[in-house]
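The data blocks that follow each hold one structure.
Both complexes shown next keep chain A, but they swap its partner, so chain B is in the first and chain C is in the second.
Now for the complex of A and B:
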């Protein structure tokens, strides 16, 4: 008899579970020592709440009906539910809020992409600390948590979630073309991007910027080579952030990446992605989302990072194997 | 702006979450020290898998469609998914299997019943140990875990999941009336039970047995007063189990309850429910389910108990308040 389980989900048996549990505890302990308090939100949200956070978040979710015919969805991440909690039950809290979570989320992903539909995230949200101060705290803490988990060679890619969108607007690329170009970038499909940009028939300078800027990746020299131009504001923010990360002593872990985009649209500034050379996929990511909590009625600057615990576990094992 | 969350779910903020997390860890540590290894199964199962375990389990679940039109459901408990895992990935394991879990499950419950639809359970499943040996291990371990969590006055109700069903069959109550009578018992609606039994127009002895037997509740005298008759086999099993619990030194925590029924139908023998005098609801329950794993293709005797972590937390607080 075969009793299948849904694609993208797994059963975890005791030997692996013991390690995952220990890893999750280690990450959470690091976050709690830094003053982040754990929260839990329901696995199921009204679809309308997810849409308030991000149209595409609702699209990415498993949906069902409740007994009154309202549409419910499995949460596709913890950031939108936590934004809801901050804007409702924690709206009177003064000063910065430091929240963390260790919880599963669910996304509808394509068949045979090998991607998990059910994934365990351990993450942090820092609310009420604007600009590079917030970003440095979040990035540094995520790096420390990974170090506490035994990783040694992990890196953080740092980009800006608004950079390419602003470039598209400034260079007057028609709005209905933005999504496909951003999707190329999300897939890191630079050939596809170039083909589509060429098809726009732009002036040489604009074309080179749209194709060339997102290829820039590396150390601080990247920010010099990028110059200024239409993406100047985002680039200036990245310079400030890089200097702050340098001052904090973590610049050796940072890879500046002007082509970085995240698939959820609520990011308004810096975005992050975590890598380890031992594995070929991102261990997590996040960024600044200064508008998201406001959509739920209480404007507050915020940023956060989520780590995919199962992926960090794979990186942990791969790192150990290479020692 | 109001951003509702689904009925029967809750947001948990850091102060409470810290306590719930500590409680969950305490329970899990007790289970792991006793040799129980934690497992995780997907939050979402094919409805067909749940139905294989128990028709009513599938009815009790939130359902949705996957991208190929198959019906998925949120798991209504962890026992059925674990039975699936045991019969598939662990079917070669020799000797008893000791598995534990700490996971949320979901049930569609009525509006305004105050019941949680999303609940966190910490539980154990003991596979491959038949009869009272298995039941004593499971009951004793659950009682110890609650003691480790700081409860002092908790009790376990012990009954038999097949007792009333066999009584109904033996007394030739028409099959289409069984469900409503069992539902009265589940609700502890003894007046409703009596009315419905009277309406059956049975002989005096049969009527008295159906109304009187489930009222018996207390110490070992209950088993004497019950005599034998059509429920003899179940009563004999309860006598053996009680003697074994006495030998293990936990009889003072046991309340024999001949009217105990559990709402899921897969129990084949002893059933348990955990109480604390400080609170008015069961903290958890379980029982023996010797047929369930076989429905997935690998017959093995098994029993287990699940504790509702949020309810245990309420009892913990109430107990502390009374000291």
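Now for the complex of A and C:
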């Protein structure tokens, strides 16, 4: 007899569980040592609360009603619940807040794509530290947590979530076209992007910038090749961030990526994605979200990174196979 | 590792010749692939072969760094997390609506019966096309030769890919609407796109040079 479990979920048996626990513990210990205190929030939230955080985040994988007929949803990530906690329970806390978590989140994925609807995330949120100081702290901490987990070949992609939008505005691309161009970039459809940019009938320089800039990724030479131009402000921020990462000795792990986009809408500046050659999907990601906590009533700058523990586990197993 | 430093997913079938010709131009030795049509994995050349609709799957999972597949496959299976880097220009086909005796029988079926029955291997493209043009349809999913379906009276028309229109004509079907032109596309795994950026950029640059 078959008793199915929901698509995208799984059972974990002792052999795997032992390894997952050990891995999660190493990540958590690294975060805890760096002064990040662990928090726990409800797995279910009012849908309205999630929607306050991000319209698209409210597109949850599971929804249900409570006994009063209110709509509940399983959280799509931990960042929105933590923003809610910070704006409410911790609104009086002075100075920077350092919080970490290890918890399941739930998202819609394609049918039979081999991806998880229920996934375990281990992550950090740094609240109250603006600019590159905050970003450098979360990036270096995530990198050392992965090192503590036994990874050796991981990299972090660093970009700016507002870069392309600023570029469109600076080049005076009509506002009603922004959305389709940004959607091409989010879908990673570079052919469609080029077609639509060509259709705008811009001057050669502007056209080349809109098509070429998102393809730039690699070391510091990327920032040189990007020059200054209309995206100057965002590029300047990336330069400062890269210099700070270099000063912390992690530059060799950094891939500057001017085409990086994240599909959650709350990011306001720097964004990150973690890669390992053993896994075809990103191991995690994050970024700066300076407006999010304000949506819950107490404006504070913040940034964070979340790691997908099961994917890190795959990379860890592959790394052990290498030795 | 291959001459390109990348693992490449090559589609079997209509796009295979064009893809291998491109790879020859990049200095990849494709002789073994051409001479052996049972083997699937060619480690020395860095090539894996598969049916075109599997290419996005292998590339999304990182089993291949890059791949070549038709735009029809990418439209029919959206949400695959892969980069679409280049329109390679070859393998040009039209996605069309075809029916026996032109558009008149379709219009009549829609007017009198309120919906069209359409056989296709591309249910998503068909649903989108008829939805956009405000016509109700009933999709009949078939796997083999779609042309047979209207001949037996099972459906009013088909949505299918055609290069020359020959097979349609031989079965007495006429193209009544063109939906979209499809060509071969170069796609890449998002992680490989970052970790192997120099290799991928070098390849894209050379392909751009040769295709224009």
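What we mean here is this: the second predicted complex is superposed on the first by the 304 of 323 C-alpha atoms of A that agree within 3 Å, B and C clash if a C-alpha of one lies under 4 Å from a C-alpha of the other, contacts with A are read in each partner's own complex, and residues count from 1 in each chain.
Note that in this section a residue touches a chain if its C-beta (ideal position, glycine included) is under 8 Å from a C-beta of that chain, and two chains touch if they have at least 3 such contacts.
None of these values were measured; they are calculated from a predicted model.
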First, second, both or neither for A:277, with chain B first and chain C second: second
Which superposed partner A:62 touches (first chain B, second chain C, both, neither): first
Partner chain in contact with A:44 - chain B first, chain C second, else both or neither: first
Dominant contact partner of chain A by residue count, chain C or chain B: B
Partner chain(s) touched by A:99 [first = chain B, second = chain C, both, neither]: first
Touched partner set for A:218, first chain B, second chain C, both or neither: second
Which superposed partner A:34 touches (first chain B, second chain C, both, neither): neither
Partner chain(s) touched by A:72 [first = chain B, second = chain C, both, neither]: first
Where chain A meets both chain C and chain B, residue numbers: none
Contact footprint of chain A on chain C as seen in their complex: 60-63, 79-87, 185, 189-195, 197-198, 201
Chain A contact footprint on chain B (complex, rising order): 1, 3-7, 9-15, 17-18, 20-21, 37-46, 49, 52, 62-64, 66-67, 72, 74, 81, 84-85, 87-90, 99, 104, 106, 108, 111, 118, 296-297
Residue ranges of chain A touching chain C (in the complex, touch as defined): 110, 113-114, 155, 157, 187-192, 215, 217-218, 255, 257, 273, 275-277, 279-282
